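Worksheet: the structure to be examined is printed underneath.
Chain lettering (A, B, C and D) follows the sequence in which the chains are written, and residue indices restart at 1 in each chain.
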Amino acid sequence: MEITTKTYKHCTVIKASGRVDSETSVALRNAFEHLLDHDQANIVFDMSALEYMSSAGFRVLLSAQKTAKEKGGEVVLAMTPDLIAESLELTGFKPLFTLYDNLTDAVGHF
Amino acid sequence: MEITTKTYKHCTVIKASGRVDSETSVALRNAFEHLLDHDQANIVFDMSALEYMSSAGFRVLLSAQKTAKEKGGEVVLAMTPDLIAESLELTGFKPLFTLYDNLTDAVGHF
Amino acid sequence: MPSLTVEARPQNLKKLRAFVEEGARQAGFDRRGVYAVALAVDEAAANIMEHGYRGAGGLITCSWELHPRGLAITLHDTGQACDPNNVPPPDLDSGLFERKAGGLGVHLMRQMMDEIRYRSTAEGNFLTLIKHRPQEH
Amino acid sequence: MPSLTVEARPQNLKKLRAFVEEGARQAGFDRRGVYAVALAVDEAAANIMEHGYRGAGGLITCSWELHPRGLAITLHDTGQACDPNNVPPPDLDSGLFERKAGGLGVHLMRQMMDEIRYRSTAEGNFLTLIKHRPQEH
């Protein structure tokens, strides 16, 4: 998994590529926490290059969303691949996030 | 020429498609002025679907940029087609605008 | 019956997924089916690593065989026993701040598979995950 | 020598561009060359409509011929005379609020073409725009 971040005027985009599981979710958690610790609580999670995400990744997203909202921000999801979106649906996570099918709309959310 | 606009949290995207000349530049001017009159002075001009732009279009852009900046906003250009970018260069307009090669970065400017 | 034994460390999850993905392809599953099999096994194996062995290591043996109606995968470990069929369903609808992240793994495992069998014996725990090909449902 | 006569109204600019684009293609210009020819003619014709005829209408006749080194286009009108070679260069570098938008059309026309000839006679104004093929520059 690779993680890159790009900061815009009103939000930061975190882009992860590859596979998120119990091993790699640690790096993803660190990336979210780093931003949240630095008061960058408006976060777009660009999922376009993700191939796989287990519940370990969902746990990261849930805790990031809680912290972001506590800080007056939000985590929104962009370009969630279809199979990962199905898992989000099955775990009841869909209502907890705004999903965008393209990055521009997600950045424009903030 | 077709013109669509999409408003985000901190900016509005104007997208024009087709050809801007002395005939069609009137509609483009109206689209910019409508936004500027309604205090939406943070404007992304999405040029990705433009095939042609004469100096009539450049005049619209110059006056929109002046008004936008007077109102504390800005017009930025996104995905300027190569031949139109060459005209912008030849007319000395390049330094008056920030250009982005993708829409997300342009929206993230605001 | 192909089988793979790995140390119970998260670094080995991708090997386990690749191993059962091959079985799922041989069983004739499409992209969605292969993904489901990998996800179910990943969740089961991650639980064995984290809860069964409490992160202290041990061995996990994974084997698969083509089943008349699809694919059967068995995970063997010698950690603490836990029948996933007895794990209560997770919280799927409370609001963000009330939402608990627990139980998602077993829930996804159940959703991805058609049948889950569990036996705990003196030789360790045997978890069998069965998935049918869609056309034969 | 193909020629096209249109009313001096902005709605006819696209017809004029399409007409000379065909000439540019026949002369062997690439995408950039065709664009340059259309832009130069558009700017010249728009000026005739706006300044030459002061928006009051009249006729513009456009003709093109293959030139030994490329393409020669002539625009004829009977409006006010103005030799573009005498139009001063535009303001290309002052800051935004000092920047004037005037003169851009003639400037682009000059940049797009290799030679600009102008004659004003009793029969009207004749503007000839010549563009060479790049390889023969």
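What we mean here is this: a residue touches a chain if its C-beta (ideal position, glycine included) is under 8 Å from a C-beta of that chain, and two chains touch if they have at least 3 such contacts.
These numbers were taken from a predicted model, which means no experiment stands behind them.
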{"item": "Most distant chain from chain D, judged by the mean position of its C-alpha atoms", "value": "C"}
{"item": "Chain B and chain D, separation of their C-alpha mean positions in angstrom", "value": "25"}
{"item": "Averaged-CA centre spacing for the pair chain D and chain A, given as whole angstrom", "value": "54"}
{"item": "Junction residues of chain C, two or more chains touched", "value": "none"}
{"item": "In chain B, residues with contacts to at least two other chains", "value": "none"}
{"item": "Pairwise touch network: line, ring, star, complete, or other", "value": "line"}
{"item": "Touching chain combinations (by label order)", "value": "A-B, A-C, B-D"}
{"item": "Interface residues, chain B side, partner chain D - complex", "value": "19, 21-23, 52, 54-56, 58-59, 62-63, 65-66, 69, 83, 86-87, 90-92, 95-96"}
{"item": "Chain C - residues contacting chain A, complex", "value": "10-11, 13-14, 17, 31-32, 35, 38-39, 42-43, 46, 49-50, 90-93, 96-97, 99, 101, 104-105, 107-108, 111"}
{"item": "Contacting residues of chain B [partner chain A, same complex]", "value": "6, 8-11, 13, 103-105, 107-110"}
